[in-house]
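Report on the structure given below.
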Amino acid sequence: MTKTTVVAQPLPLLPWQDRPATSRDVVWRYSANPIIPRDAIPTSNSIFNSAVVPFKDGFAGVFRCDDKTRTMNIHRGFSRDAIHWEIDPRPIEFTGDPEVTKFEYRYDPRVIWIEDRYYVSWCNGNHGPTIGLAYTHDFETFQQLENAFLPYNRNGVLFPRKLHGNFAMLSRPSDRGHTPFGDIFYSESPDLTYWGKHRFVMEPVGGWQSTKVGPGPNPIETSEGWLLFYHGVLTSCNGFVYSFGAALLDLDQPWKVMYRTAPYLMSPQTLYECVGDTPNVVFPCATLIDAPTGRIALYYGGADTVTGLAFTYVDEVVEFVKRNALSRS
Amino acid sequence: MTKTTVVAQPLPLLPWQDRPATSRDVVWRYSANPIIPRDAIPTSNSIFNSAVVPFKDGFAGVFRCDDKTRTMNIHRGFSRDAIHWEIDPRPIEFTGDPEVTKFEYRYDPRVIWIEDRYYVSWCNGNHGPTIGLAYTHDFETFQQLENAFLPYNRNGVLFPRKLHGNFAMLSRPSDRGHTPFGDIFYSESPDLTYWGKHRFVMEPVGGWQSTKVGPGPNPIETSEGWLLFYHGVLTSCNGFVYSFGAALLDLDQPWKVMYRTAPYLMSPQTLYECVGDTPNVVFPCATLIDAPTGRIALYYGGADTVTGLAFTYVDEVVEFVKRNALSRS
Amino acid sequence: MTKTTVVAQPLPLLPWQDRPATSRDVVWRYSANPIIPRDAIPTSNSIFNSAVVPFKDGFAGVFRCDDKTRTMNIHRGFSRDAIHWEIDPRPIEFTGDPEVTKFEYRYDPRVIWIEDRYYVSWCNGNHGPTIGLAYTHDFETFQQLENAFLPYNRNGVLFPRKLHGNFAMLSRPSDRGHTPFGDIFYSESPDLTYWGKHRFVMEPVGGWQSTKVGPGPNPIETSEGWLLFYHGVLTSCNGFVYSFGAALLDLDQPWKVMYRTAPYLMSPQTLYECVGDTPNVVFPCATLIDAPTGRIALYYGGADTVTGLAFTYVDEVVEFVKRNALSRS
Amino acid sequence: MTKTTVVAQPLPLLPWQDRPATSRDVVWRYSANPIIPRDAIPTSNSIFNSAVVPFKDGFAGVFRCDDKTRTMNIHRGFSRDAIHWEIDPRPIEFTGDPEVTKFEYRYDPRVIWIEDRYYVSWCNGNHGPTIGLAYTHDFETFQQLENAFLPYNRNGVLFPRKLHGNFAMLSRPSDRGHTPFGDIFYSESPDLTYWGKHRFVMEPVGGWQSTKVGPGPNPIETSEGWLLFYHGVLTSCNGFVYSFGAALLDLDQPWKVMYRTAPYLMSPQTLYECVGDTPNVVFPCATLIDAPTGRIALYYGGADTVTGLAFTYVDEVVEFVKRNALSRS
Amino acid sequence: MTKTTVVAQPLPLLPWQDRPATSRDVVWRYSANPIIPRDAIPTSNSIFNSAVVPFKDGFAGVFRCDDKTRTMNIHRGFSRDAIHWEIDPRPIEFTGDPEVTKFEYRYDPRVIWIEDRYYVSWCNGNHGPTIGLAYTHDFETFQQLENAFLPYNRNGVLFPRKLHGNFAMLSRPSDRGHTPFGDIFYSESPDLTYWGKHRFVMEPVGGWQSTKVGPGPNPIETSEGWLLFYHGVLTSCNGFVYSFGAALLDLDQPWKVMYRTAPYLMSPQTLYECVGDTPNVVFPCATLIDAPTGRIALYYGGADTVTGLAFTYVDEVVEFVKRNALSRS
Amino acid sequence: MTKTTVVAQPLPLLPWQDRPATSRDVVWRYSANPIIPRDAIPTSNSIFNSAVVPFKDGFAGVFRCDDKTRTMNIHRGFSRDAIHWEIDPRPIEFTGDPEVTKFEYRYDPRVIWIEDRYYVSWCNGNHGPTIGLAYTHDFETFQQLENAFLPYNRNGVLFPRKLHGNFAMLSRPSDRGHTPFGDIFYSESPDLTYWGKHRFVMEPVGGWQSTKVGPGPNPIETSEGWLLFYHGVLTSCNGFVYSFGAALLDLDQPWKVMYRTAPYLMSPQTLYECVGDTPNVVFPCATLIDAPTGRIALYYGGADTVTGLAFTYVDEVVEFVKRNALSRS
């Protein structure tokens, strides 16, 4: 197994639990899952599909909290250990141009540090779903930017650094409903206001990823390429199944997929993933990485109801992606 | 909190269990749920969406029992404590005009005392779903009346007294399948044969009640208006979720909605509500009320498979509805 | 051929044209069709599916005129010969309870004289389609009554006299869109406010009437039963085809179908029936009858765009219905 | 109860567990279900809808193992007790004409001994689903034959002996997706290459079998007719439910259904049947029979994820089918 | 242009009209089209998608005549010049096994001479559409054979001679409705009772043939391969368009497509092809060929309403197919 | 009527025909329509939805020509009188980045002069429909730019000058099929590579524009605002109807709709608009304007088959839009 180098800081505080002796899996679940129950704040119906980052001497996060009206919104939270979270019961209030900050719903956030600040991206309801963007320095005030794209789009995920001098984003163009299709595209922007140079990245193939695919956590820069965890959806005889796998994208031209897992890395198999507001969903939205050890803590939503935590090693995942790659066709 | 007066009799026998110390919910579940398992009678596949009333020195009820052919029919039952039920394994036989008593299926009954007898209403299959009506004095013989409406309709729910000299009913016009829409309407009848003066009451709005809404138990007369528990349906990324909330309707013109909950009061969260023949369903069909204490015992179906029991106080519900009302738009 | 007696007045002014020598059809078209073009009034996009009656020394009618916003509304009109019509460019204004006269759209009117006045019924948009009802003595003022039914319903057609002391109506329960199903039902009302005693009449069968059926012009009383022209819809390999046939209903129990045509009487075959806003539609809404001669002039919409006229003899139609009846199954 | 004779060998090794004292069911579950977990081989996502036969001094089987790419394929396995199975982690490789052995997927196998060898039939992806056929003498080499039918077909199930000198098969013609319809047909072949003499057997009726029906395990020859376990699908308010019942087919003309259960024999009620990749599925694919005792061990898939085992007596099932038969209409 | 030899008899009586001077088309229409109007027999609503063959000193044919109930059936007819037809107003009555001759509908016949008799194939309604088969010596008596396949299938088209000692057929597996998909398959039978050795031939590609494809007239044997005219369907912004093109199939292995037209040969462009019961349809079902001159007369349905005639030369068509072939991909 | 000033050059060559004496329409058809038949070039199946501009001493255009494979592509053409066109039988070849110039199809072009060159925009198939962009100086060479947006989008229409220093575009976000919805949005770009500042403009309302709306020809700058002709789609009982109307947008903030026609300006009413590959379509894509006279020549597609020409005066259209505006709600 080649040693894969991760471009990231050391993160000794990273939450961690060794792989169970009985497990053969590359990605394994935290034994005390779910780490965030559906009712962690008084108004919440469910908390899932959320994003965390190292912040100060601990961690901060942006959490999707659907309240009991089943309105979807995003909240900030803080933690010392990245397992036990204090989530602000009030949704984040964004400042910015009123033409842009008005919204119908907000969900499925991602958070990433780029250069000098944290950027948040999410699915933003504004005459249909599009990609909302904002930045914060302190998780106190959030400055909202222009929506990245025209509707209809979901799963906008920024790269952790500029490419070709531009901000770079993956996303999944959609339609107005529960889109039964989904390809991943790549786009660039010089200023986070105007976006272009759109390139196709990948589309559904057979099996667990046969109905749609979409980017998960922000891509991780490694010596072997951008490591992208992504979700895929299969249409069973009785509904959908949301699993996730991973891909390696070319470092300079990330729309070129070098490797992509044929098998999933994780599929919904526990009760908290199979039973809930949306049955049979594991949906990853964030990772924490400790570069020296190659440890990855991965946060994912279970059944669109709770938040779970899983673990892996970057080396093992990269190895797995290469060894179990879809054959090119 | 204003004291809300309920127009109802004392019912000291009302089943009751105090709110758990850890709960912040306005409506809380009975700890020994489900009170009626799916196989409470030898032929039953499931028993749910059923109605109970005080009767003699105990209680009587009309129960939806789908048998193992999955034929839907309604059965009477009796209980001393309203928790443990003896359900007649034979479906109710109705007397009446043969043009009217012929049927394809019967389901989702409601029962209410009006003036001098008990009235039963249900979804009656007669060239499509419509509202069946009958009365009984003793739960021994049931006299069936004309179907209230032309097909296609479900969830016909009578008011406990006449309005403007007429019987009054809420219902949800539907179509021939698993209708993906649903508004609540109000209608009157001088004689329970001819119905008219139809008025629109409410339609789906966002969140948990965004796909369809329908009336639940018979409305409860209070000093603050008619208290109506109603179910709402949300279309998730993988199927439906049936929750319930409540509304206050104008006492004289019940088609005028004064308040209506933005959040739900209860959504499917336990295994017996999330897993079963129809996943993710809580569906209320009956309440018992003890006027002096304001206690309400609410009966609901879980996952279209079993019957659950929940509790609340009329004061708290009314307060909750007002404080958490949808803003008028 | 038995002589069929019609219960109707002499109408010597009835428009008429003999069957072309080359035709074998029971119902034949007027050679100068369409009699009303799409732009007969300045604002109209189309004029079709309309109703006419004898009035004073000529005729009056209620016409569906979709304007160029494609808003559907109904207008009155007058004629000396029932072929050339003066249509009022302003929609009819109805007086009545404001809860009832508010509407979203009005279309497909029928008009009938019952006892002492003219009654108009139409598809009335009020939180979905239902049956609007009004009466007029003079085609100057129109008094609107309660909507007959809860939504969703179309094609409400009154009988020309009371049955069992009640007003009687046929209609077709529907849903909220372009309903792909449709059965005919019968209902009664003592007062035109409250409706009940709903009875199933007929449903789609094979061929031209395999997708839906609905009542056309008001039923005609004959010695052989109620003669009902009705439309039927077939789903072809590329859209719908709307044709019409006829049935004989029991005089006392009109929900009993004695005979019903297996073949259609007319299907869309001319350019003005096949090409227009809704291709392939003939849709009858009114008849004029001259009892002594048994002549029937039938008015129908072509392609939802123009109004056509056709002719037949009551004797021939009744004979045709009997000889070409669907076999009972 | 008449004694029903089974045409089969003694099978004293048949796995067995007596009916629990508390059970009134004709078919009851093995207490240690599921007998095969989803991950019984390293690559498997799920193992279900599989077939077993007596083989040498134990048992052999062909198992549907979906791997973690969610590719569907079939594997052989062996067991001493028919409960604990060694499944070959490599899919079966078939020899034969390359035009025929190429495939897109393989699933839902059945295995049956006819005359001198074992025959395997399965749903074979070859420009859409059709019926794959092969034989083996030893479960080492498998000779693939021509696909039985043109696409689109599923659930091809051979009879254990020839009829009228021909091989005989039940199947369920389908379409290209998750077919929302399904009738059972009967076909014959003189040589397993050319098939014909197709006869309709049965179609969906109400209740648990109202959306589609398909043959389950290979028919069992009894003195009362061919005993066929078959699955049926109901469309609930929130997805499908797959249950199973049984029928008795005429011994000489198996397309003539003598009796067919109105109630199901088993419906999904346990967690391992209700929760999994396809919620709410019990799907039987194989039986073992001990003729002297009339004991039947029935193998079925749970939630398209695991394999379960259930038990019954042929006498009881036959009696149940007769006593609970659908009335002829 | 290579000279293409046709394996067929001389047919000097073949109807013919030279290509108009202004036309650049390989296939051109008869100037007096449609040759058969919709009402050529008293009961017919439409006559189209029909088949003709040389017979005695003239021609015989089998015609799809939908009557005015819109029941689909097939009738025989005779002609001296293959343009003016006498069609028997009574549907063909088939003799044979009552299990097989019972039917729900019959449509889209093809007729072909093989060895010693005429064979008729058609879409036969028997618990869904399948392929009906019969033979006749004299167009007086027709002996029906077993249905070729299980439902659901349409467009069964026999080859004019045996291949590999077997009868050979092309068909298009379908589903129960107006199938939105369609591939062509090849099958063989030693005896016209049992069918097998199914091989995939071709599927939809882009453009006019992007939704479904199906075989048209019986294949024509030429020195360049089997010449197959086939229809293709495109889904426009407002419905379907049925056009036709041609392919050359390998003489020995007809499932191998050597060439297939990228452009269509004819698309619906005249009023009688664009306007009718099914708008925008040209659908070829038969050809007549004069081997010495290479003239082909092609019969096709227009708008599912009338029958049209078109002409071409075998040389030109073969040349066109080769020069305008889809590139292999 | 206020005099409306148009910001445009004189164009004395503009094709023109006075309004017929009998017409009351604001927009009237050219009497010799269609000006471009479906087969104007040898390979074409249809020529429609095309764009023209003044060029040198005549006119140039970009035309949608679907060929007989039904492949959609765009061709240049030239004309002296803007009525008789020479269309290049070869599609336009674009130069540019190979990642961008690769395509699946091209259709529905618009052409506009901005500052120093002509810009072409069209629906560009590149992993789904998006907006293709290119410029030309001479209609000889065309330089393709980046696709404006991520898929899925149609009807990208540039403004004739920069706004706020940016290029400006209207478009209609879509999905992958024949989108049954459609809103118009506004976007800006500093460089025609990166796009942002997306603003919602308008959505479907009732009547002819109730299913979707999309921008037609490039907006025309007038003293009363941007004059935008736009198409709207209605879902009839049997398919779609495509009509067009007009709106006035705020000159500085074009996403603010000042007026928008309630009635359509033109709907499909002639045979060449109602009958063709897509029945019932008028679809405008270009205008020519003569500023001194206020004359507008409007080019539109008929039935997705041919190109038609219509005329109006800017004053009359602006007046009509204001007088017949939708009421604000």
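Assorted remarks:
To keep things simple, chains are lettered A, B, C, D, E and F as they appear, and every chain counts its residues starting from 1.
We take it that contacts are C-beta pairs under 8 Å (C-beta built on N, C-alpha and C of every residue); 3 or more make two chains touch, one makes a residue touch a chain.
None of these values were measured; they are calculated from a predicted model.
Repeating the D-E interface, with the same residue numbers in over half of the contact pairs, is the pair A-F out of C-F, A-F or A-B.
Both chain A and chain F derive from one sequence, and where they touch, over half of the residue numbers involved are common to the two copies. Taking the CA centroid of chain F as reference, the farthest chain centroid is that of D. We define each chain's centre as the mean of its Cα atoms; on that basis chain A and chain D are separated by 42 Å. Averaged C-alpha coordinates give centres for chain C and chain D that are 55 Å from one another.
Touching of two or more other chains is recorded for residues 239, 275, 279-280 of chain C.
In summary, the structure contains touching chain pairs A-B, A-D, A-F, B-C, B-D, C-E, C-F, D-E, E-F. Residues of chain D that touch chain B in their complex: 24, 206-208, 210, 234-239, 241, 243, 262-264, 267, 269, 271, 274-275, 279-280. Across the interface of their complex, chain D is touched by residues 38, 42-43, 45, 67-71, 178, 239-240, 242, 275-281, 304 of chain B. For chain B in complex with chain C, the residues that touch the partner chain are 99, 126-128, 130, 146-153, 171, 173-176, 179, 181, 183, 185, 187-191, 193-200, 203.
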